[in-house]
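Only one structure is covered here, and it is reproduced in the block below.
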């Protein structure tokens, strides 16, 4: 926690009073918008700026936070679960922002060096594409070179096998599946790289809006699988992006 | 319902009074042991004698029912979830009964012509063997030629592929799996025969004693799958035995 | 897996290089529409072409896949959970397609010889009809002669008994029920044929959108029952169609 | 609430001071054993003395409460879920108490006029007998003439039909079933009397220790069914006993 | 089963052939509307005509069934969960039908002698009124004199105590409650009559659409309680009506 | 229970007959609106007037009850989950009522002395604000001085630490969080005051509409936490208001 | 966070180097036993020393931690869910420790001034006593004067009413109930003090080991209720003890 | 899939017949022990030999598989959930195997170069240690240098902060927690490395044997978290070991 040490040293050298230091610590890179506390320090602490989850916020709130993030930093900006209205509003003050309607992400590709490493985003069915694309865009914003493999569910397993070389060449895989989620076990049994599993809410009846593939992935008989929340493409892309950078950016 | 018609005709021809007929209908092949009503008529109605589920009965009760079934008919006899004590007791009066400790079944192979057709019982892991064996023995008692394929879980999918020819040659498949149950989707995606899926309670944590593979099998992205209760090897073997006879015994 | 052997033999006889063979294997009968990988090989592998589950796809996507399937093969085509818009779009390029609004299926009856065997689709209540009809149409597309028995729930059990002869004459039964699903146990206790049970989401409160009849069917005290997912009329019709062909088409 | 009125009138006529009255109200027929407050007033208020649920109490506690109830009143005494030790202890001070090991009930038949009306206790399988017997003994202690019908599960529905006359002659029915609990719907569809349904924890896997028959009974397509907790034979017998007395004792 | 005996006797006396008898049995009072099998025999078998659950049926289907029931019998007619459109349609052919928008019931009061006995319908809160009224109307159609007690939840328990005399005077009580459903335990602890408990889906969060009051009622520490499905006012009114008639109509 | 004693003394001194007293007790401060029983006595019994939960009531019903409460007493009035229509209607007869659209509360600040003590309402994210504000307004109506701390989720824990002094100065804390609800454990581990935890339905997938933070809060490894229902800001504010008054108002 | 300020001031005044300060902060009152980090600082931070939850620890581990706490501080010591073996071991080094076998608590009453305020621990049934006693002992260790009210479940509600004066005199109530937990709603509807509700795992079947009373308490129609985890007597006693001190110790 | 290509090339060059090649493919590195198919090829395919999950296998079966793995390869060997009997048996033929009773792992440290990178295994409480140690040993067998941080639950969050430097220095973190699992969100909010979260079954009541921390971790408001099954220390250690090697071993 380097920043706290800086403040401590300032106190030590009497460049700062004890009270001032406490005050500094408190407001350290926290910006208050009234309805939200922006955490600008996060890009230092975690290597990626705060991401805005737009569901449950008004379009105006989402757009204001995104615009502030675009204005403040040098890194990428990302808003997830954003509708078109958010994009329209944020575009006014941050015209370089982009929108992907499939994954419902608003983003700014900024401060990203040329893509490195490789993240494979493997997707069981056409209906899983929105979640897969959210993962892919997130990983790209984290600097990854992303390969998309689509519609390779285990009902016709030879479709997956046609992509084995691509799987073997990636550094980390994101596997996105609804229904019974068996694709994760099959893929993780074939490769020796980390697999980030994303259950989707695609299915009906006892699928229970994604609970079945989630349980399936948590109980995979194949090793090397980490699971994220149902439909959490962002979370998977973020974790994959983190892992992809290892040994590259270091 | 031929038997009722016989009684009706006896009434019609005055070989039987109305009251006698009603009485006959009531006691038609139902034998009362006090604590259980034996349904001897079942082998006519359903093509297989009543099966005794021994859990929740005392060994003495189970043995008495099994002995009575052995003494009464000409067909096979089957008791499931039986401990050794049941076998010891039933052996006294029915010495030709057999016991399989792995599947905990007590049975009498009787009245079965030479095995016909083929039922493949495919099993994901070593821990699933008791359930798989209950299915296999049941199908054998129904006249099937059974092939057992063991320990071919999807974590090492080439183990399954080494048995593809056997899968293709069977008339119906029973697939037994715990953990996440993905084996069912993979097998059903490869074959064009009916697949009877049996989830087992093998696993821990969010396996929830077999609920996860059950849900996985019910949501399989592959078609042609019928599912039975968790650990219900008997039910799967019975249904597979029924299907296996089709077009053979008819 | 005959096709792979063919390729291997081509490699053996040097009619094909190793690299060409690998390439051939990969693209073997997989057609890429961008958003979906069509599995034309499936009708060889599984005896029925790929079926399109239209929920979660846009009408345009569904129609495009269905039209491609209609143009490619000689067998039947089936789309489930399709709304009228899908039908309107697919009709443009495949005018012989039909639509059944009750079951929401789009289909093409093609390459089916005269109906053989018999599948009885038994339905507990009027509200279960959409699911039952999906099962019936699917079984018909697989070549079955289907008998529909409607509104015979156990609250008035004599309604079921009036159809006993029909039940006895079928080769396999599909039983469709919501509420508490008791019809399955009663039917399976009366017949000696395989019963495919379909729970429906008809009911309220603790019916939990079909979970209650599902559990009821999985725990049936009658033997010979295989269960499919809630509201999965297609899955039941498909499995019944498979079983119905046994001993007939072989 | 006659007793409170009595006290009020005593206050009115100055036979009792206000403070005495409050005190009287407080201790009105409540006897304090230290670890339990006996509710002797209950037999007046509800027509049956307090029943002792022995699970979760030490045998000594259970026996002490039962002995006190035996010594205090003139009516019947009942303890449920009692092991043999409770019976041994209570017998010392109340030698006329009886014990039924099947249902694990300790009871004293006292103050019951000759049995009236008729309660039919219908039981699906041998394993359900302990719960059924708890219901039967409870109804008998409430003055009912009880008929027991055993092992008539729907897998062999003709076994039930052999008892139709008995069902029709009862005033109220208790139906006890585990597995999928379909017996309740079949019975309630046949009769025009109230049916009290008792799910039991008999079954395995997705039976979920009785949840499946409970849900099945709550969703019965037949009318006229009231459900009690899983394995609650006492509750069903009590409610049936209450209903049975209507129009008889009044 | 008097009717079957009649047929048997006709067969015995050769007034009917065996084949005719079988035919008669099958079509005995079952009328086929195509999408529904009417069970006219039910009013003989169960003392009340078939009730139409309109949810999941089209208004046209519901109205057709209701109209047919109105035209056929002499007893009351009842349709539940009916919207105004059902009423408009059925009114055309059966102008004496009535509609209650609060409980969404369509009904015909016919063949009911003057109300007898007394059913108290006790309701915890204003939001529970639709369910309570469904119970009340059903019991009235079964001939009961119904007393409605409203908004007496346990948060202000003295509101309930103000109605104690009414509770004591009823023959059977229906208690309707959402939230935590504690009213059932309090009422059943005060009275000695049967209590039919109806959980409602009134509440939020962990109420889980009525699961909480359902569980609360099934686990009531007070005896004499039978529970019906969530929001099943009809089921409770029907059972209460059945019980209320006991000792009166007999 | 002073009021009952008053009545008893009136009976004692013959200022009131026994019958009159019973009548007085029954109607004691209960006002009947037909569809609701107002409990005016509650402000004496519980120190706060009845609160109107408007969901599930028509706007007209809600407004009528609120207007009656405004007209009757001298204390504050509160309606929760009220839409704008309720406010429009109640304003007509009670123009001093206020409406907060964020928390959807209608209220009248009346009879509240200057705010005392301090309740801190701590909120994890922007989306939790409606629930937090419902808690804050409720506590203010109970006389508390409320401090709002917003958007201090544990993903950036230094944002919370910036408010430590405020946390330490409050008498009781309300902590509002969705997602995984970890904020409760962190806050309760830092302070020595009572913490009232409110899970919100903010989240998706396995959040299960607030079940996850609820379970998290119930299992907190920190002591001194009481939990209320999901989204129950009112309940938390009420309990906090109660606790805040202790040692102040006494 | 006074202690951190002290260190900061030491750094400011150069009585401590920056590195020493960081080190001090890290080891501030944390004592490392190898398998556990003792948090002695807690009694300053939270007003009560760390409590040892003995389940899941070996008796030797539990005893070692308890002995260390007894040796270190001046305040009370508490271990919950402790078996007799823990007590035997800890007694060796800390002979003044006491053991209560009913609640399975090991404790040392030390540093507690004479009991102040009043906490009422109200308990529905005899089987709930262990949990209630854990709450009572905890509250006593926090300085409260505790009144125990036992066996006052709502099945005989007059038993509760006999204790109304005691309820009214307490500052805060702990209500402990299993089964359906209705006691909480009744008590909270009668009093104006905070109610801490503790569901217990007493019950069977759909009680689901305490889930039913938990849900019942979370959905209470009475206000002013905070709920703790199932069987968490300690948590309730701790929270009640905290609240009881308010306005007294301050 | 290099090995298959080798076989293809052998076929191409006629060093192998087509039939021999098919046979080779099938038995490729699969060794059949009768009850288990060993997957020796796995260490090539996935970089780590097959791991033996001993629960549900007999000690003799587990020991036989482990001994075979020890005899066959050059890499490490690992058996999880093994009791002492497994160790005794395997030691006979493989004396260099070790046993850790805390985590119940049997292992052979072989073929591991000097530890590289750093995996921090962070553990919330003493009761979580067995799961944490299983993770730590697994990661060590995969070549990681592991740092163990114990008993740093969020109830005393300064205990965690004392280890911040260690957290920052690791390449990947495994966080193990039961109760409410909040530690994961706090840690993941502080670091920028991948966090593998392991819920444990430590807790009671609504902890539901680990479901609560699982849900908490899946819904973490902090990014960069992958979750494994409850108590799956092995799975977490394996995934962490995989990630730790990235950029080091490549």
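Think of it as A, B, C, D, E, F, G and H in the order they're written, each chain with its own count starting at 1.
In this text, a residue touches a chain if its C-beta (ideal position, glycine included) is under 8 Å from a C-beta of that chain, and two chains touch if they have at least 3 such contacts.
Here's who's who by UniProt: A, B, C, D, E, F, G, H = Nickel pincer cofactor biosynthesis protein LarB.
Only a predicted model underlies this, so the values are computations on that prediction, with no experimental measurement involved.
**Q** Quick one: which chain's Cα centre is the longest way from chain H's?
**A** Computed centres place E farthest from chain H.
**Q** For chain B versus chain E, what separation do you get between their C-alpha means, in angstrom?
**A** One centre to the other, that is 41 Å.
**Q** Between chain D and chain E, what distance separates the C-alpha centroids? Give it in angstrom.
**A** Using C-alpha averages as centres, the distance is 25 Å.
**Q** Centroid from C-alpha atoms only, then distance chain A to chain E, rounded to Å. What do you get?
**A** Whole-Å distance between the two chain centres: 54.
**Q** Going through chain C residue by residue, note those that touch at least 2 other chains and give them in order.
**A** 45, 155-156, 190, 205-207, 211, 214, 218-219, 223, 229
**Q** Identify every two-chain combination in which the chains touch.
**A** Result for touching pairs of chains: A-B, A-C, A-F, A-G, A-H, B-C, B-D, B-E, B-H, C-D, C-E, C-H, D-E, D-F, D-G, E-F, E-G, F-G, F-H, G-H.
**Q** Spell out the part of chain C that touches chain E in their complex, as residue ranges.
**A** Residues of chain C touching chain E: 126-127, 129, 150-152, 155-156, 158-159, 161-163, 202, 204-207.
**Q** Flag every residue of chain G that touches chain H in the complex, lowest number first.
**A** For chain G paired with chain H, touching residues are 25-28, 30, 35-37, 39, 41-42, 45, 50, 55-57, 61, 199, 201, 209-211, 214, 229-232.
**Q** Can you list the chain A residues touching chain H in their complex?
**A** Per the stated touch rule, the residues are 1, 45-48, 51, 164, 168, 171, 190-194, 196, 214, 218-219, 223-229, 234-235, 238-239, 242-243, 246-248, 250.
**Q** Sort out for me which residues of chain B touch chain E in the complex.
**A** 5, 8-9, 11-12, 14, 17-18, 21-22
**Q** In the complex of these two chains, what residues of chain E are touching chain G?
**A** 124-125, 153-157, 179-182, 185-186, 188-190, 203, 205-208, 211-213, 215-223
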